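Following are the structures in question.
What follows is chain A paired twice: with chain B in the first complex and chain C in the second.
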Partner chain A sequence: MNQADIVATLLEYIVHANPTVGTKDAIPLDQSLFTLGILDSFGVIEMVGFVEKRWAIRILDSEITDERFGGINKMAKLILEKLASDES
Partner chain B sequence: MKVETSLIELRRVTLGNPNDVEFIRTVRNSFLNQNVYADNHFIEVDEHQSWFLSLDSEKDWFFIIVEKVSRLPVGITGCCQKKAPASSGEISIYLTKENKLLASPFHAMTLLLYFMFDTLKLDRAFAKLFKKNSRAIRFNAAFGFRKFFEDDCFIKTEITAEDFKAKTESFRRFLS
Partner chain C sequence: MCGIAGIISTEDQQGEVDLMLAAIAHRGPDEFGTFTGPGISMGTARLSIVDLVHGQQPIRDEKTGVVIVMNGEIFDHLDLRKELVTKGHQFLTRSDTEVALRLYLEHGESFPKFLNGQFAIAIWDPRTRSLLLTRDRFGICPLYYFASESLFSFASEIKALLTNRRIPRKLNFRALDQVFTFWTPIGHHSAIDGVNELLPGCSLIIRDHQITVSPYWRWPFPELQIKSNLTFEEATAEFIDELTKSISLRLQADVQVGSYLSGGIDSSAIVALACGRLARPLRTYSIQFAEQSYDESPYQTIVAEMFQTKHTAVHCQDEDIDERFQRVIRHTECPIFRTAPAPLNILSEKVHEDGIKVVLTGEGADEILLGYDIFRETKVRRFCSKFPKSKSRPQLFKKLYQYLPQFSNPRYANVAIESLKKTLTSFSPFYSHDVRWSNNAANKAYFSESLRDSLTSYNSLEEMESLMPRDYFSVSDISKAQYLETVTLLRGYLLSSQGDRMMLGNSVEGRFPFLDHKLLQFTNALPEKYKLSCLRDKHILREGMKGYLPETITRRPKFAYQAPEIRAFFRKKDAPSVLVERYLSEKALNETGLFDTNLVGRLLGKIRKSELSRLGTRDNMAFVQILSTQILFEQLIQLDIRQEASKQLQSCVFKTRIYQQKE
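Right after this comes the complex of A and B.
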């Protein structure tokens, strides 16, 4: 599992969960989905639920911030960190 | 009085804490011209005091939303029973841009609704939303509120205790 695979899965989820977004290409990878209005607080919680189930990891409440979970690339990086720490 | 989760607490606003009362006015006025209100007038101190004094302390509840990690007040939320039908309450929630945790609005809304249904033992919660406030309408709908009234300016939505709990059961771990 690499970052590109994770990004692709996250984009798939967002387009499916929020059809008004349009296509995956329309979602910036480095901008806050919260600021862009693609996700709201409830959507973030649903997304955390999806991520935890899909990759069998646990996202801490304190990690659900713009800095750690705001954009697609940040989410993917956090997921990779979690997966790596599980393997070690 | 406090209602809390691991991330936030709701601290009840009383006349004994004038800073909290003033915080409500500040937050309310900060949303002028942002498609949040139909009535966009600036609320002066006297008008705000009169409104607060008109509340029924047994039936109208307003809280400051405080993020525990920063101890910062990040918004206000409330439940008014005084003007609502029996066994129900009208909710309100306003978040400033100060919240550091993306989940704070979710926690605040969920806490308020659990407070209404479990502590106050109400059967139903209402929300009155300005039609142009699409973000609030989507957030409200995500919790399971259903529209039951609409005019040129507002929509009104409602949710029962049973529907809310069924909707949020899978998210309870976020509220531990």
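Right after this comes the complex of A and C.
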């Protein structure tokens, strides 16, 4: 699984989770979804739960920050890191 | 309480006022009365509480011809009466309405400032051909008006105004924007374009076709008060004394007074202090939910048993909320963001069935004693922005939210801290509320394109800023937050949609001992730490009630009263409530044109596919806001309100008809 696949899965999730997001194209990849108002704090928690379940990884509380989890690309990067460390 | 209505017009005023009163007959079904003079008619639908036999309205002073109609209560009417008698006034009734009339005759238009009460009053003075409308300081009693070149009309509820076909019926899009931002309309806005709410603490005078609105009372910002130098112990004793006085004043009635009992510190304090003033057991009423996360019954039982009240608990099921919701919106006359008013409507129905006309209730304590988490949050955010390196920051945030059920998930605290980080150094005049309002406004995405287009040049935050009194901008963040909570959530939702409308919908009057302006002036002069001690909310009340209530109540963390939302309407996923099909189908949405059918369809799709307990605040709020707006559109825009009122009129008994033929 590469970054693009993960991004596509995350976008699909967001479109389902937030009915007001029209299409995947409408979601910026490098901005915080929270700052954009696409996710509220409950939505962030739900998204973390989804990521953990979908990729069978564990996201630490200290990783749920703007720097690590603040946008789609950042999330995908974090997921890839976790998957890589699981494999090694 | 009662309902009042009136009209200044050249056309058939009495017939119009009869219909207006019939439309709000639920507010006062005991008897009806009108006054009709040249060019004016006004009247009352009366819920008899004081001077049951002789307290009919309207009341006219024979000497001057001045006439009054009143909704509400003047709690210090006995003292005011004594003063007026010493000044030579003679009374024909024992009613507080006549006291208000004679106070007007004594002091003129400034008379409301002498009143301690909850009221909406109209006074016609034939000497100056002027009509005065005035409303209590907190907005407990509602009062709306419509003004055009040829018509001026006022009433306790919007539906009464809309019986008149000369008043256009169009939804107020700005109010809709406000509800989706602040949870309530702001300023004079109501759900209907052109129908204005008279602001609390204000009087309106119409004379020679000129309307002037002016305040008779101003919010006592803490920084502008003469600081109290009482020690905490002295202040606590005096506070309990003042609260007891406020309760005593509100126990006065010629009918039995009951009390709501949620099990929280506010209503428990009222019950505890009221029981000490009564010869017979107090009747108390509570709502209970099967779902533990909403239910407070163990605490209600503790207090009811301790004070041996005659207690009644009404069990509210999910389906009750669904079945009641349409009727609830008929009464709120405003879109709502939570379903919590519905159980309170069910509760007041039970109170009414038991023959109780008046209940004490605890609203206002969170505002005057800084009980809401938004005050604590503001304090913590400011501390963190002032001391960015403080190691206690995470702990403070965790303590702040520990009482919220979602915080049983420790992750929530981290996310909340993360989300608030960026807001710490803001200089916004709405520092305390910015985060909430910005989160709320995300649901405006559901507005249809045409609704969004009509709001392109409108900014509700700018309007909010323009409504703030000058003093607002110079006070602390906590004082600002207190004011904002009072003029938005308290006035526009707790006292109206969840308060007056849910109670008067079943002919029950609510009385609010914490909303006594003298009590507010006292508490706002106290140091902030007496109310919000570190992060302990309502400190003075909790300490003051230690001798009356057990620690399980005085130390009980805040519990937000809420009710099941989406799940009440989706008890069966494949067969949701009939309201969903009726009001949220593509056809229904197209008919109102207010919401994006595609996006609402997607919200419903998400609900159908999701585990309901996993739907967040935003989805629940969007669903309730959209559904309530759709119902409101039917109730206020589409229904033939005049015809409904005509039917109702047949069962209205008009006991009082006063006519004035000539000037």
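Quick note on the criterion: the second predicted complex is superposed on the first by the 88 of 88 C-alpha atoms of A that agree within 3 Å, B and C clash if a C-alpha of one lies under 4 Å from a C-alpha of the other, contacts with A are read in each partner's own complex, and residues count from 1 in each chain.
Everything that follows uses one rule, which is that a contact is a pair of C-beta atoms (placed from the backbone, for glycine too) under 8 Å apart; a residue touches a chain by one contact, two chains touch by 3 or more.
Please read all numbers here as calculations on a predicted model, not as lab measurements.
Chemist: With the two complexes superposed on chain A, say which partner A:His16 touches: chain B (first), chain C (second), both, or neither.
Modeler: Only chain C; A:His16 stays clear of chain B.
Chemist: Who does A:Glu81 touch here: chain B (first), chain C (second), both, or neither?
Modeler: Neither chain B nor chain C is touched by A:Glu81.
Chemist: May I ask you to decide whether A:Asp5 touches chain B, chain C, both, or neither, giving the answer as first, second, both or neither?
Modeler: Neither partner.
Chemist: Report for A:Thr35: first if it touches chain B alone, second if chain C alone, otherwise both or neither.
Modeler: second
Chemist: Let me check the overlay on chain A: which residues of chain A are in contact with chain B and also with chain C?
Modeler: On chain A, the residues that contact chain B in one structure and chain C in the other are 34, 37, 40-45, 48, 61-62, 64-66.
Chemist: Can you list the chain A residues touching chain C in their complex?
Modeler: 16-17, 19-20, 22, 34-35, 37, 40-46, 48, 61-62, 64-66
Chemist: For chain A, which residues count as touching chain B in their complex?
Modeler: 34, 37, 39-45, 48-49, 61-62, 64-66, 69-70
Chemist: State the interface residues of chain B toward chain A in the complex, per the touch definition above.
Modeler: So the residues of chain B touching chain A come out as 6-7, 69, 100-107, 109, 135, 138-139, 142-143, 170-171, 174.
Chemist: Show which residues of chain C lie in contact with chain A when the two form their complex.
Modeler: That would be residues 406, 409-412, 414-416, 418-419, 421-422, 438-439, 441-443, 445-446, 598-600, 602-603, 605-606, 609, 614, 616-619, 622 of chain C.
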